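Got a structure for you, written out below as structure tokens; questions coming shortly.
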Amino acid sequence: MIHQQYEVDDHLHEECGVFGIYDMDGNDVASTIYYGLFALQHRGQESCGIAVSDTSGPKGLVLSHKGMGLCNEVFTPEDLESMKGNIGVGHTRYSTAGSSTRENAQPLVLNYIKGTLGLAHNGNLINTPQLRQELARTGAIFQTTIDSEIIAYMIARARVEQPTVQAAVAEAMKKIKGAYSLVVMSPRKLIGARDPYGFRPLCIGKRGNAYILASESCALDTIGAEFVRDVEPGEIVTITQKGIESNRSMCIPKEQHARCIFEYIYFARPDAYIDGVSVYESRLIAGRSLAKHHPVNADLVVGVPESGNVAAMGYAMESGIPYGMAFVKNSYVGRTFIKPKQSSRESSVRIKLNVLTEAVKGKRVIMIDDSIVRGTTSDRIVGMLREAGAKEVHVRISSPPFLHPCYFGTDIPSEDQLIAHNRSVDEICKIIGADSLAYLDEECLYEMSKGLGICTGCFNGKYPLDPPTEDIRGDYQK
Amino acid sequence: MIHQQYEVDDHLHEECGVFGIYDMDGNDVASTIYYGLFALQHRGQESCGIAVSDTSGPKGLVLSHKGMGLCNEVFTPEDLESMKGNIGVGHTRYSTAGSSTRENAQPLVLNYIKGTLGLAHNGNLINTPQLRQELARTGAIFQTTIDSEIIAYMIARARVEQPTVQAAVAEAMKKIKGAYSLVVMSPRKLIGARDPYGFRPLCIGKRGNAYILASESCALDTIGAEFVRDVEPGEIVTITQKGIESNRSMCIPKEQHARCIFEYIYFARPDAYIDGVSVYESRLIAGRSLAKHHPVNADLVVGVPESGNVAAMGYAMESGIPYGMAFVKNSYVGRTFIKPKQSSRESSVRIKLNVLTEAVKGKRVIMIDDSIVRGTTSDRIVGMLREAGAKEVHVRISSPPFLHPCYFGTDIPSEDQLIAHNRSVDEICKIIGADSLAYLDEECLYEMSKGLGICTGCFNGKYPLDPPTEDIRGDYQK
Amino acid sequence: MIHQQYEVDDHLHEECGVFGIYDMDGNDVASTIYYGLFALQHRGQESCGIAVSDTSGPKGLVLSHKGMGLCNEVFTPEDLESMKGNIGVGHTRYSTAGSSTRENAQPLVLNYIKGTLGLAHNGNLINTPQLRQELARTGAIFQTTIDSEIIAYMIARARVEQPTVQAAVAEAMKKIKGAYSLVVMSPRKLIGARDPYGFRPLCIGKRGNAYILASESCALDTIGAEFVRDVEPGEIVTITQKGIESNRSMCIPKEQHARCIFEYIYFARPDAYIDGVSVYESRLIAGRSLAKHHPVNADLVVGVPESGNVAAMGYAMESGIPYGMAFVKNSYVGRTFIKPKQSSRESSVRIKLNVLTEAVKGKRVIMIDDSIVRGTTSDRIVGMLREAGAKEVHVRISSPPFLHPCYFGTDIPSEDQLIAHNRSVDEICKIIGADSLAYLDEECLYEMSKGLGICTGCFNGKYPLDPPTEDIRGDYQK
Amino acid sequence: MIHQQYEVDDHLHEECGVFGIYDMDGNDVASTIYYGLFALQHRGQESCGIAVSDTSGPKGLVLSHKGMGLCNEVFTPEDLESMKGNIGVGHTRYSTAGSSTRENAQPLVLNYIKGTLGLAHNGNLINTPQLRQELARTGAIFQTTIDSEIIAYMIARARVEQPTVQAAVAEAMKKIKGAYSLVVMSPRKLIGARDPYGFRPLCIGKRGNAYILASESCALDTIGAEFVRDVEPGEIVTITQKGIESNRSMCIPKEQHARCIFEYIYFARPDAYIDGVSVYESRLIAGRSLAKHHPVNADLVVGVPESGNVAAMGYAMESGIPYGMAFVKNSYVGRTFIKPKQSSRESSVRIKLNVLTEAVKGKRVIMIDDSIVRGTTSDRIVGMLREAGAKEVHVRISSPPFLHPCYFGTDIPSEDQLIAHNRSVDEICKIIGADSLAYLDEECLYEMSKGLGICTGCFNGKYPLDPPTEDIRGDYQK
């Protein structure tokens, strides 16, 4: 039990990356999953795990290994080598502090009426309390506080009646509500499923005779697999020795789709394509739109690294103002940065970011960031630019202001902590000390998604599903 | 995932030690549990854990910490300090290699219809497959391979109907069959229960305003508590802020009691009292009986450390032959002794035991051991005595020969691996190279237990409960 | 002893970062050193350490802690808190595999004629074998294989005659030859020294009543200190409770200065200033020069991250061709990336870098990298761009070709491993599969250093000091 | 840097065990050293290490691995397997807290004028300050605070003039004063040396074509080697491919020998023979002597485990009073027992020892212990016997009272902390609450050593060498 003091930062955090693979030639897949998780590490740095199922072994033996930390902290080459099996799932996780325990690490491996299941999940259910209560009322016990356990129960119960695991997954999907992308491994199958709204991404790849499921397409690139297609919102794909089959019975009309727009704005890697849309291009569009609708005279456009860089390039392209580099980010200060206890004058922001004085002194700077949540770091970054001699600092945000909570897996804090709640843009501009401030217009979001259905609940309170009435983020057990 | 090569030894292993405490004054109990587990460490050195429930905190928060290894490897002072709570349970575990994983460490902490439960368990159920199947058929999922999870389910399901946890425990006990001593913690209660046959021990202690439950009374001595009484076979005791109450509805007639006699012969510490009988005295009686019924002329009586020492003293007292010390045991070679891979001529037995040449040379030696299982080490020990110059080596065993498997938690191997199976005492004597060999007479076992009901199934095949028809020790998931 | 399989990459590696601080107000400095090392982590990721000297304690007690790994792996908050002391030195190290052991981690802490010394060192001596032999001949014993131990001996021996530590440092500097920047801590002093040629950087900062010494000025920014000035080549600065004093007796004429140009090209962070020259600006100049002298028609200029980015911006500015982003670098794949043993088709380059297809497809791309050493990765990166649809790939290198080894701390391999050795630029261009290739012209290096004296030995074989005749990189003890 | 809270106990501690092996057949020796260190673990549990020299490799490569903790904590099978080499030395260390650091772990591996040396050392020099000063005056630097470094320097300096390592060892022995047993490994030799007084033991063994040096003969038994002979006080043995040769030039007359009598009383394992005398028999003699000269009527003789047991048997044999067992020792509470921070009522003594009530109630008990240092635990143990119902408790100590400090490696505290200093036996008896108390008569010590020369300085202040005038135990660097 190591108690690390994480730096509080002012960014959003996603909850997970999932990865699954079925190698029909019978090759071991653990190390490929490891590489895949590396490519998804940005989606969760708190814990990770791999489970593999050996189709050649007796009784559907499942081997799993998981732990707190980054992939290269949790796995040794020996661990990976000892995990023999040609079907496997992996997971990389972020969570809020309360439930950040090894017990909650995924994949969940369990035994049920039909043998073993390995399950990894990205997303957030909104009817967890009801499902949990219903299950408890019929004698269920819960050993974790993660939604995945609820989902596993729903599948296990459905499986009593249903002829196949995939049918049980479909049955379970009728009852679970919210955002989820799932990879499920049974002794002889790999199943992927995505919630009907398509909140979280999931795509299909292929390498030789192996099928792959991954949260983002960049994980396919990393392992040298080719992109096949995205799992459709509501679709269940089942991969067996015979190939891939699809169940679209849970799909809903495209107009109701509600992809989380923050996948494009911030969560996903720029080299990912989600539902056919390039994340990189989405961000360029956001930057261009800011330049078009919120122009300002300046000498330099810079991004707050890493997430602001692409939008900054878009702004530069559109405005003709040169793109530049104003910050050096210390890449060794990750999420696991341990803050010493000794009271010191060192500022957290300065440890992560330093200004390139040479680049900004005497300049009018346009600084692009992807969002402002609490606003606790924006003022310091603006201040750093001014200290370095920037004549003017104009802040442009590549998303609209956060005004409402998210119930679908993005950890936007409660309204009273949101700087944009009950404040005008001018007021915020003053607080962060900028010369001007502008946010992305909400309409641009549809341009970014190339017209695909998106969820804009955090901006306008219009959620695709009725938000839950009780707090679903409660953590009754540490 | 560290793969340690454990030394194969020829001793039996018990499965667990349990400990529970309720401090009515509200003091934190984690460090007291830690000390208690230390005193029960001999019952299991594979993994251990502690869970505490804070009655003052919100929503019945349970904090738990468990891991592979000995108490002082698993817990740091910081771990213990961070576990605030005045009700707690602890566990120390031994298991066969297959299921030796962190997932299977106890206590089990879970959420169910009425909140949280912490559960620790010593023993072995014999109707696990039936119960597991019944549970699975109604949609249960299993995340471990331990009986405790089955018990937890049975309690959780019973609790749906029953008004209290203790009533649910009683209801569950109607269905689970086999050997078990349980400690269960709910947010406001500590419950102890023992199977109706009394296979495994459990006793009650008191220190100030705190009640304690422990597998052996020596754990009470260690923490400075006084012994109150044993939990009776079949009894359920419930400790709340109001005090202790008892439910004896599951008790059966004393004549049917079936304490595991190996608790007296080998498992328990000699300073323990089980159901009023001193383990030390039991072993003296065994030694005396061997001297009475299997006398031999000799110069010295020695025990194979540690477990043979007390019986050797009994033999010496009865026979008048001086008690001595023939072996030095290396106390640093524990169960976690790691054998190097380099092929070497070092023998496992010699690393653990060395002969005191000075004490045995030219002497006729009576060597007392508690049991012979496979016989793989006895011949080496006899050989070491001879090499050191012993003129004669007479082996006396303080238990009858093992002829049958045990289904109640003692890891006696299958019959074909038992040296006494299909062999006469004379044949065994030749195999181990002794000048004479004798076993304890079965009748003496009742003398050892002071007439209390005991299980003698491993000696004569007469089990108190019908043995299971399928293998209950299977480990479907690693 | 964890054996990690590091990725072989085709970049140069520096050997160390050093940091020292003297807080005249008596505040503990360990956590400030920790932050300082974070800012210097890019100079060495193999091992790190901190030593502090408590001026208030008895007998000049020195506390030190060092280990293999990154700062946040080696230090816990508890470690830092336990290190009380207001004078301290820190070190972060890179080395070749052979001597990569904990024994060789720095700072070196030692006792000698006048008490204790803590010493951290960046650079490479070229007369180590002679000095070592001379010392051995008079009975010295060596417990490490690092130059710092030789330097410590030279100081200790000089101190027998010299009145002060700083005088002993000066005396030692007469004998040691090569590249070095030193921080030395005695119980009451902090000393900084730089070799007369100024190969490696070292600067002075101030925060309140604390003086700081650091390899790069960005470490001052990180801890909120102001830059005072650089330590001059050959200068020894001594910080005591009375303030700072300087000894320039070892300084040589400016014309003979020989700063390692690779500090500007690659090693240092772009936000550092070395001897008054901005590293960022140096790289812009290199990029501009490439554009001026090696122009090509194209649609996009991109850098190979991170080190090629600034030069790419310079190229873009000069040429008017838009600067863009072609690669996404996985920031979780650090030097400690552990390669699984399972043979797999995953390529090392792909794991670290992915191409932004959207950005390059159909484009003529100019790709800027800082150097080509063996050329083992350049062809793969060019190939990745082509696979992503780049129509043309023009490679520009922001340094001249490597033709000669370095004896002063840059791990340029032997000539036969250098791709540019005995090959024309055209031949190299073919090997890496580019449409065109050009290197920086040697003259531009002086422009980059703003006329400061630099070492260009690796490009033209003209070394400021005679190179050693025997191999100085031998590692006689693992 | 783990800060463990060790239990303070009232026993003496030795400083080290040493082990060396030369396998002439070229087999790897690391795992044999590991087993040997296991058998010497009782001589030091703080840190341990192994160094091997590969005679087949290039340039006398030495591989070493050391760390804080017990052998099975410091070494993994992989560590041992990676240490190829047929000559090796090992060390297991105890030290006082101040210098308990990894830097001080042994063997010391170093490079000097003639290549590499590995050196492990048991004992304590008394002219360390003079030697250190002399060395420092000629420019030596010290990286540890252990005597071994001084010895290494003395050998290295002597080697400049001397033709062989063994000659250099002989030369060094002329200057170092005090207690030491040394094993030294050069690339082609294994050397053992013992100080002229023979304070600390060292013996020679043989297994096939391998020669072994070990602190105690029980280490030879453990690895299956036969005992050859003891290294004589003052002797230097040199093992090469040609066999063993001896240098006795430093030997002194037998009458001046001064073996530490506490090796027999307490430090060594009872199965060891030191200079031909059985440790087991020595302890029996002490027990018998106590019975002869300090008889008392009683029902039972018991030892305080483990060290008091053999003397208790001697007492029982001589007196005819039955030997019994009164205590159960918790073998899991080792030196690394970590005490939780939570203030608790648990007593340290009770955690380690419990009384066998059944054995002592109503009895008059004679309790044998090996020594009383501060007396802090004796009263509690006597008290525990009384609480358990013992009618009388008579304490007999198998050594004379401690009245003086030891300068030769036994950590007897300063006089004012010794309970026997300025107190009569009657006064001590009252303090510890016994019915009677007697110590071993000093004359018996010579009987115990079979007439061999011994050091009795701690009892009577008569030291074989003049004690140092300044404190030699100072620890100037942590």
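Which chain is which? They are A, B, C and D, in the order written, and residues in each are numbered from 1.
As a working rule, a contact is a pair of C-beta atoms (placed from the backbone, for glycine too) under 8 Å apart; a residue touches a chain by one contact, two chains touch by 3 or more.
What you see is a predicted model, and the numbers here were worked out from it, not measured in a lab.
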Item checked: Those chains which touch subunit D and also touch subunit A -> B, C
Next item on the list: Please work out the Cα centroid separation of subunit B and subunit D, and write it as a whole number of Å.
Entry: 36
Next item on the list: Quick one: report the Å distance separating subunit B from subunit C, using the average Cα coordinate of each chain.
Entry: 59
Margin query: Can you compute the centre-to-centre distance for subunit A and subunit B, using the mean CA position of each chain? Integer Å is fine.
Written below: 47
Check: What are the residue numbers in subunit A that touch two or more other chains?
Finding: 76, 78
Item checked: Every chain pair meeting the contact rule -> A-B, A-C, B-D, C-D
Check: Which residues, counting only subunit B, touch subunit D once they are in their complex?
Finding: 2, 5, 28, 30-32, 34-35, 38-39, 41-42, 45, 70-72, 75-78, 80-81, 207, 218, 221-224, 269-271, 278, 280-281, 306, 309-310, 313, 317, 322-325, 328, 330-334, 336-342, 344-347, 350-351, 354-359
Check: Inside the complex, what are the residues of subunit C that reach subunit D?
Finding: 1, 3, 59-63, 65, 76, 78-79, 82, 108-113, 116-117, 136-143, 145, 149, 152-153, 156-157, 159-160, 476-478
